[in-house]
């Protein structure tokens, strides 16, 4: 297996060493773009890509994503950040800079349904998800060998009504603050609030319906019952409200009266896979900003 | 205007004189297709098109749509129907035969938003909706001249809190049992139960959301608030439950964080137009069977 | 008719008086964004929206669209442009500034098929196409009364093999340099080179296929013949090469073996309408930049 | 690995032992449906599902797919077929009966690109492709271990300019007449005519473009060059004409100027996977009839 199932871990490409992405949210006002681009230019950075969006021009919010190159980024980043504080303060910015050479670390939670995990691993292996998969955590042992064949640690934390508290505690220990993003790849358990808080806007769930329709555990049965002509899936950040967090991506597929619940599930699996993988990719590429309960996605 | 705005009333084409469509629903069981096709064959009818569907093979429901030609249909239809009663009884069928030469009569209800009405009239005029538009009823006078320029009677029944009861009464009188299908083309008033009962499964409403998400009067505002990435529209038969009737057709369009409520409305108008027109076309062509709260659409 | 069919001519909204859009293309290089945003900031302009894109980061092309507000724009625009010349020269920019208060003038060419024209007029009337429709030109008289009922001049220039040269000459005179954009709304005649040259990247054609498949005059017949499962339409700028110009927008619809050529045409009409209207809207909103034979669309 | 990577080989379900599917093509004429359904009824068969389609009602072709149950099918099938010959002769039918208990045997050809193969194996393993994968044949050794971990024989037949003839000969021997369907899962070599003839309408290729656009070996480069706004993939039966055989299924995805050739390839891979898997599923389920160079797909 090892021969074929090469890892998806990508080497840092030369240009990535000097490239970074900056995400900014702040109240809108005059001069923001000028201040930021001037700042970067004066610090020797070259803007490779930039996107901005103003939500509600009159007194609204400003969002920006900038990808830039800076020679000897590692050496200069600390001072760049320190110098930027003035501008950030002036415009009341929430901001962050991410280096491309620091691959994000992912933890994937999965239950019995394996299609989303398989898709993520396949895309990762094909070089399409440029991140490090640090661990897979599951309440079932089924995928252990498969996951480990990629060289990824697999943690089996069985969940029963009695051991639930214990399992959650163990998961918190395993994950700790070791990762940058948690992916619930059809993990059919409730995520403990103790995990949500430190990973605010960094836990992506795939819900197997076109939210806000069909919240909860049996969306395909509900969709069949209601007789909808299109089904969908939704990737969203996890909040304390069940299936209520900021939506990142959705997609749909046409169905007909001929499709029973099992057929809806089958069709849905491909939508789920694709939608989750897109959301994860965008998060990894720092394309998503969250404001209140919505996302701005620069893609 | 008359010169250009020719009517959409299509002449009966020669082949339509001898063509009919049969819709059948019954509990599933052996021998139905054989019995029906044999019956038609022995009565000299030639099946041009046939679709069938069995919902849940084990002890479920059987649905069938047959399009057939029969020489001198007008003369033979009564006896054909009488003869069919035996088979229908045996299999406990609900059934109907529709002659293509008897164009369905439509009543269109509309409020201020004109896009769905304009679309229906344009498709009708282009020859794509093979029916007779018997009347347009509105609580506003705005579209009167436009509608009348097509040679279609326009009834203005103003609705105010005080005159509501009176308006409903007047509408009931105007429509009576004169039409075969009522279309609510963004008619923003509640339809009286006195109209629903006699027109069971013969009133099509277009709801401006992807049901069951965003029931009620402000779906685009709700969609914006929730931050969905796809919006939609739903054509359904009207029942006593608001936006809860059998869904005929749905379609969607991708949106982004850049689209505010007005932009969602603008994008939505085209989805609404297209979805409503499809549902009306299918009803006119006898492609829809209703079972419980779902539709079987043979298209 | 006049009562209902109000014009789609929108009044200039107060904010539009001081708003402009700037489109820039130039070879990529460091400092462009900084230079442009600094320039605008120092001239008192506030950037409302900005998009940029670099094609092929290594030694490629840079494209930018900026929407900005400037007090008393009318008074200051000339000097703003003059001052910008330095930056433009330095970066070898092709650039333009468009005031929102100067609505673009459109000429629509149409033949017998009216659906694209009707859609454009309906969207215009609904306030979705913020432009002035200066004229409609046709080789048929059919739509004259309809178009004139919107208060739009209609020019009938019959085209026969004998009068072709004369008709073209007349069209050139009618259009002259009076408009900003020419729309071929299913105008089934070849456009003379004498019109293409002065209106380079300002003539939009709707082709009734998913280009580059099915170039030429009978795309639906070709699509039927080839047995495709999806049909489409393409809006593109007109060049000297038939159906070969830069593609602005495409969309598609699923079809099946049940759809004959006429049904393909019927389904296609709605795709054509929607695709053309989108392309026109984007052009009107200065969202399209052309480079070689491709478009960059900031939408 | 074996623990997790269970085979996708499905046991024959009890109801499948007595179920069969019948595919019929013939010139249209009166009484076909009646004759067939009467025949089946009189032979004790119960029709579970039936679809029919008449191409061009006036003097056209008739297509039918019937799924039926017959007690002790194995015992009665031979006589059923013999008895049906009369009807078949009378209506000049091309016809076939497929037992559900006889799973179709597949051979998959693959080159270096593994995504289509991985998708087929995953869907097979998930129970969505109800067939037997008899072998995988490749001109590369890369996937050997992976494929064999599913218990599927893997044949490596290297192809070089010198060994080409030899490789083809070896492939012909390996495949022989041992399989029911050959799948070219991004097999980038030309299939020898000696294989096409015996497997007429039983070789499915996935072409990585929206045919008939971009025939040949570099469709994504061509799509990028042409600046299309939507890319697609096409599954078709292989004929002697390159990329010219009957189209089974197509699907598309929106792209933008931001997507370079590599990004088009990445997006395209998911379209290819999904489209090929759908076509294979339909073939396995006997849903496809071929007439001239087109398919009738009952799905």
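Brief remarks on what is shown
We call the chains A, B, C and D, going by the order they appear; numbering starts again at 1 in every chain.
Keep in mind that, in the parts below, a contact is a pair of C-beta atoms (placed from the backbone, for glycine too) under 8 Å apart; a residue touches a chain by one contact, two chains touch by 3 or more.
Not measured: the values here are computed from a predicted model.
Path length between chain A and chain D in the touching-chain graph (shortest route): 1. Between C-D and B-C, more C-beta contact pairs join the chains of C-D. In a homomeric contact, the two copies may use the same or different surfaces; for chain B and chain D, over half of the interface residue numbers are shared, pointing to the same surface. Centre-to-centre separation of chain C and chain D, using mean CA positions: 43 Å.
Chain C has its Cα centroid 36 Å from the Cα centroid of chain B. With touch defined as above, residues shared between interfaces to two or more other chains in chain D number as follows: 53.
Only residues 53, 55-56, 210-214, 226-230, 232, 246-252, 256-258, 260, 293-297 of chain B touch chain A when the two sit together in their complex. On the side of chain C, the complex with chain B involves touching residues 1, 3-5, 115, 118, 122, 126, 128, 142-146, 149, 266, 269-270, 274.
Those residues of chain C lying in contact with chain A across their complex are 30-35, 37-38, 40-42, 46-54, 57, 254.
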